[in-house]
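Next, two complexes with chain A in common: one pairs it with chain B, the other with chain C.
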Partner chain A sequence: MASVSVNVHNITRVEGHGNIVLNVRDGTIEELRLEITESPRFYEAMLVGRNWDEAQEISCRICGICSTGHSTASLRAMEAALGVTPSEQTVLLRKLALHGEHNQSHVLHVLFLVAPDLLGAPSVVPLASTHRPVIEMALRLKRLANDHIALVTGRHIHGVNLKVNGFHSLPKEKALAALRERLVASRDDIQATIELVASLKLPDFERAGEYVANSRADEYAFYDGTITSFRPLQCDHCGHTLKEGYREEYPIERYRDIARETVVKHSHAKHTASVHGSYAVGALARVNINYDLLHPAAKQAAEALGFRAPCMNPFMNNVAQLIEVVHCTEDSIAIIDKLLERGIQQEDTSVEVRAGRGAAAVEVPRGILFHEYEVDDDGKIVAANLIIPTGQNLNNIEHDMRALVPQILTLSHDEIRLMLEMLVRAYDPCISCATHLLDVRFVG
Partner chain B sequence: MLTTRASRVLPTCWMCASLDEEWSARAGRTVVIGVGNRLMGDEGIGVRVVEELKRRSLPDDVDVVDAGTIGLDLLFVLEGYARAVIVDAAEMGLPAGEVRVLGPADLAEAGPVSDAHGMGVAQVLELAEAMGLCPANVVLVGVQPDRVGPALDLSKPVEAALAGAVRCVEALVRTPGDGAARVPRSGPWHE
Partner chain C sequence: MSAKPKVAFFSFTGCEGCQLAVLELEPVLLDILGAVDIVSFREAMTEHSEDYEIAFVEGSISTPHDVEEVQHIRQRAGLVVAIGACACSGGLNALKNRRGMDDVLQTVYGSSGSWFETIPARPVSAVVPVDLELPGCPMDGNEFVWAVKSLLRGEMPKLPQIPVCVECRLKGNVCVLAHKGKHCQGPITIAGCGAICPSHGGHCVGCRGYLAHPERDAHMEILQEHGLTVDEVRAQYSLFNTYSEMAREAAS
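So, the complex of A and B:
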């Protein structure tokens, strides 16, 4: 029987510091951990004592990739606490910005971070010589997504236009029309990306688990919705995953019932579990739960990519991200059409401050993000709680590893190591989103 | 709230300008880019330096950008410029608050990186170079941090180094021409 010891110190191409420890003796897993070595998060403590209108400004600095998502969750939670209902125009513009963020994050993940694995390169840099057209295309798509976010939020990162109950500054209709043209023109690049990813081989591995995402009856939910859990049924005879499953819905007030946080010894980041155990969030969870509401072009892409919902292969999260790029692009075009038809209006964005408590769940690229605030009569934040997607996925990644390892023990040590790293990367984890230190080596 | 402003007035959505306009507007100019997370104590020194620079009068051909926790997108911020000065906290094994002018070659190669989305400054510069998008002259101003962890303020030694780091960048951007040969490399900053 195989004995394997794998110790990956600092998984590359993920955010933050993450280590994988695996010890197998005679075919039995003795030790398997995904260690998180990054500092615990103290953002809640930073928010307490601040004014209601500062929460978004601080939250948007938590992550460089999910900056708009943190802003959106923060604004919606604060609006819930203050009893504010934003206008239709505000909601449409926020949805448009969020689509831009999903596109920029997914393009970055699929074409810059995962593609090197599938194309057999150690990082994206060698691909600039060996697959130059792919990198040029990736940069075009990334640039467009950045411009998309910047048009609505004022900057592509740490946006300055978003605020409670509206916007500091509204985009010009002419600029929206120009973005629409570029989104339409990007369909060719997206199609080429689909063809590229469809030609690459992803590991064949399945584990039936629980998926959690926002859902709505009338649209593919990103901005808001009901927290929804889905656990697929499997055929008793052959184990085949059925389309049917257990579906449970939780109102936002009960978000702590789904994201039940626990402290584990080997990780500074908390683990979460629902009453059923570990669960997955992110693109794969969203597509599994909301497949029927995808844009028809996104469903076509799913078919071209061999994706059938519900899909239990965590490596297919990359494919689900690409399916969402198609959906976000097409839905952005539809949102811009709607905005141009009704015209961009200056609106009253005043806010009446009162004491209250409110929570919000927003789908950000890596999954469902919860923000909750309590403010006093003066609008001062007296309590804050943030639960990030990666924190929710960590427990599930460990369970996936436990299921995967026995299936790959015949592979070489290096292949096992690569497979485990690829599994972690498939979840697109953001272990830190926080530190960004230059590492300097003085020569001579 | 931070806004991206420069010694000349940039449009609100500088990323939205068409590429041609963007590049012609950047040709021959210098960009100073502050990188880091303001919520992580000394890690935010790069952002604090550019906030300070925005209050000062700089040469007309200098743009100043607060890039925050940027990763790959650094490439889009520096492309088209003749010169880029990147300001960031840097682990150099020096006493806290030391300011050094560095070249890209001083950065440890992208191995295990902890930067946003796995794309550290070193790797982005390498990719920009490979794609022909890197300014001819890139210098980094590194400040040795004392305490990197959740905090909105800087540690005492790094707070004390802030003014010197600002003057260091000012001196660099006032260096005429492309400055490539004139900029001190990997040496301590002496005022």
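So, the complex of A and C:
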């Protein structure tokens, strides 16, 4: 029987610091941990006592990559706490910015961080000489996504335009039309990316599990929706994943029932579990739950990529991300058309401060993100709770590793190490975010 | 410095947004890759080497392990460049410093607080000598390129000690402090961002750190004229600059 010891110190090409520890003796796993060693952030100490209008400014700094997603969740939660309903224009513009962030993050992940594994390179740097056209295409798509975010938020990292109930300044119609043209023109690069990824071989591995994402009856949900859990069934005879499964919905008030947090010794980021155990969030969870509402072009991409929902192979999260790039690009074009048809209007963005408590769930690139705030009569934050997608995935990644290891014990030491690193990377973990470590103290 | 200097990127406590700002220099990224030899960049690369001349360091120092690691980096690197607010001034991370560390740990981890270690967040320069600081939250990508070009020419870049207001007025913005009644920190904050926040209708939050000799009393007076109390003004100064504010309070 095989005995293997793997210790990956500082997993590379992920955001933040993490280690993998594996010890197998005579075919039995004795130790298996995904250690999160990122320095704790203590964001609650930063938020409590600050003003209501600083929550977004502070919490967007949890993550450089999903800054717009944190901003969106923060603004929606604060609006819920203050009883503010933002205008249709504000919602459309926020959805547009969020699409830009999904594209930016997914392109970064698939083409810069994952592609080197599939093309047999240690990083994107050598690919700049061996696969120059691919890298140039990746840079074009990234640049477009950054400009897309910046047009709405004012800056692609830690946007300066966003605020409760609206924007500090609004994008010009001419600039929106120009972005639309570039999005249309990017279809060729996206198509080429699909062909590239379709030609690469992803590991074949499945594990039955639970997926959690926002869902809506009328659109593929990113900005808002109902928290939805889906557990696909598997055929008793052949083990194949069926389209049917158990679907449960949770109103936002019950988000703590799905994301039940615990502190574990080997991780500076808390783990979560639903009543059924560990669960996955992110692009794969969203596509599995909301496949029918994808844009037709995104469904075509799914077919070209050999993706069939529901899919239980975590490595396919990369493919799901690419499917979402198609959806976000097409839906951004539709949103811009709607905005241009309405015309950009200056609106009243004033806010009346009152005591209250509110929560919001937003789909950010790595999955469902929860923000909750309680403010007093003066608008001072008295409690805050944030539950981050990567924190929710850590428990699931460890379960995946436990299921994967026995299947790959015949591989070489280096191959096992690479496979485990690829699995962690497939979830696109954002470890800085997950170690933000917020408090969960609410009164009443 | 060698013709193609070896450079490394390291990150401590922070969001990695400043490393991302480097990855997002798309139009010049391939030129940078041609001009320097990146030997370590964990967010983007598996390759790693301990042999480097310039170390770009992101994030605050907030654990005993961070302290050891940044000392190790200082020993190996010819030049240490701190990038972003967290590394240059402690940034937002230092907001926790006003509370006791035991209190912070217990609040977050409950009875498991003793499993983890944390120390008050500090800038890199509080632990090891730093040769250059490129501030901002996030660091400004153009300023980074400008600094790299200077370093490649063998010159040490020097950030001008002028307030954000200079850039703001050059852009023709209406002053948010004088005319819109907002608590803007532009008059005491180091320029270099192109006054991006006031230019978009917001106000300066001081993320680039304060000038060496800020007109603090005059600024405080104006903010009080706008109805802010001394405590509210201090709260504003403590958003991105808690570390330097606490040091100032301790000294006075």
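Annotations
Convention: the second predicted complex is superposed on the first by the 431 of 444 C-alpha atoms of A that agree within 3 Å, B and C clash if a C-alpha of one lies under 4 Å from a C-alpha of the other, contacts with A are read in each partner's own complex, and residues count from 1 in each chain.
Operating definition for what follows: a contact is a pair of C-beta atoms (placed from the backbone, for glycine too) under 8 Å apart; a residue touches a chain by one contact, two chains touch by 3 or more.
Since we're looking at a predicted model, the values are computed, not measured.
Superposition of the two structures on chain A leads chain B and chain C into a clash. In the superposed model, A:263 makes contact with chain C only, not with chain B.
Of the two partner chains, chain B is the only one touched by A:175; chain C is not.
With both structures placed on the common chain, the touch criterion links A:155 to chain B and to chain C.
Judged by the touch definition given at the top, the superposed model places A:25 against neither chain B nor chain C. In the superposition on chain A, A:128 contacts both chain B and chain C. In the superposition on chain A, contact of A:338 is made with neither chain B nor chain C.
When both complexes are aligned on chain A by C-alpha atoms, chain A residues 10, 12-17, 38-39, 41-42, 45-46, 57-58, 61-65, 67, 108, 112-113, 123-125, 128, 135-136, 139, 142-143, 146, 154-158, 160, 169, 432-433, 437-439, 441 touch chain B in the first and chain C in the second. Taken in their complex, chain C has these residues touching chain A: 11-21, 23-24, 26-27, 29-30, 33, 38, 41-48, 59, 62-63, 65-66, 91-93, 95-96, 99, 104, 107-110, 112, 115-116, 118, 137-138, 196-197, 200-202, 205, 235, 239. Within the complex, the chain B residues that touch chain A are 1-4, 12-16, 19, 35-40, 43, 66-73, 75-76, 88-93, 100, 102, 105-108, 110-123, 126-127, 130-131, 140, 142, 145, 148-150, 152, 186. On chain A, the positions that touch chain B within their shared complex are 9-17, 38-39, 41-43, 45-46, 57-58, 61-65, 67, 108-109, 112-113, 123-125, 128-129, 135-136, 139, 142-143, 146-147, 150-151, 154-158, 160, 169, 175, 179, 430, 432-443. Interface of chain A with chain C (complex): residues 10, 12-17, 37-42, 44-46, 50-51, 54, 57-58, 61-65, 67, 108, 112-113, 116, 122-125, 128, 135-136, 139-140, 142-143, 146, 154-158, 160-161, 163, 167-169, 263, 265, 268, 432-433, 437-439, 441.
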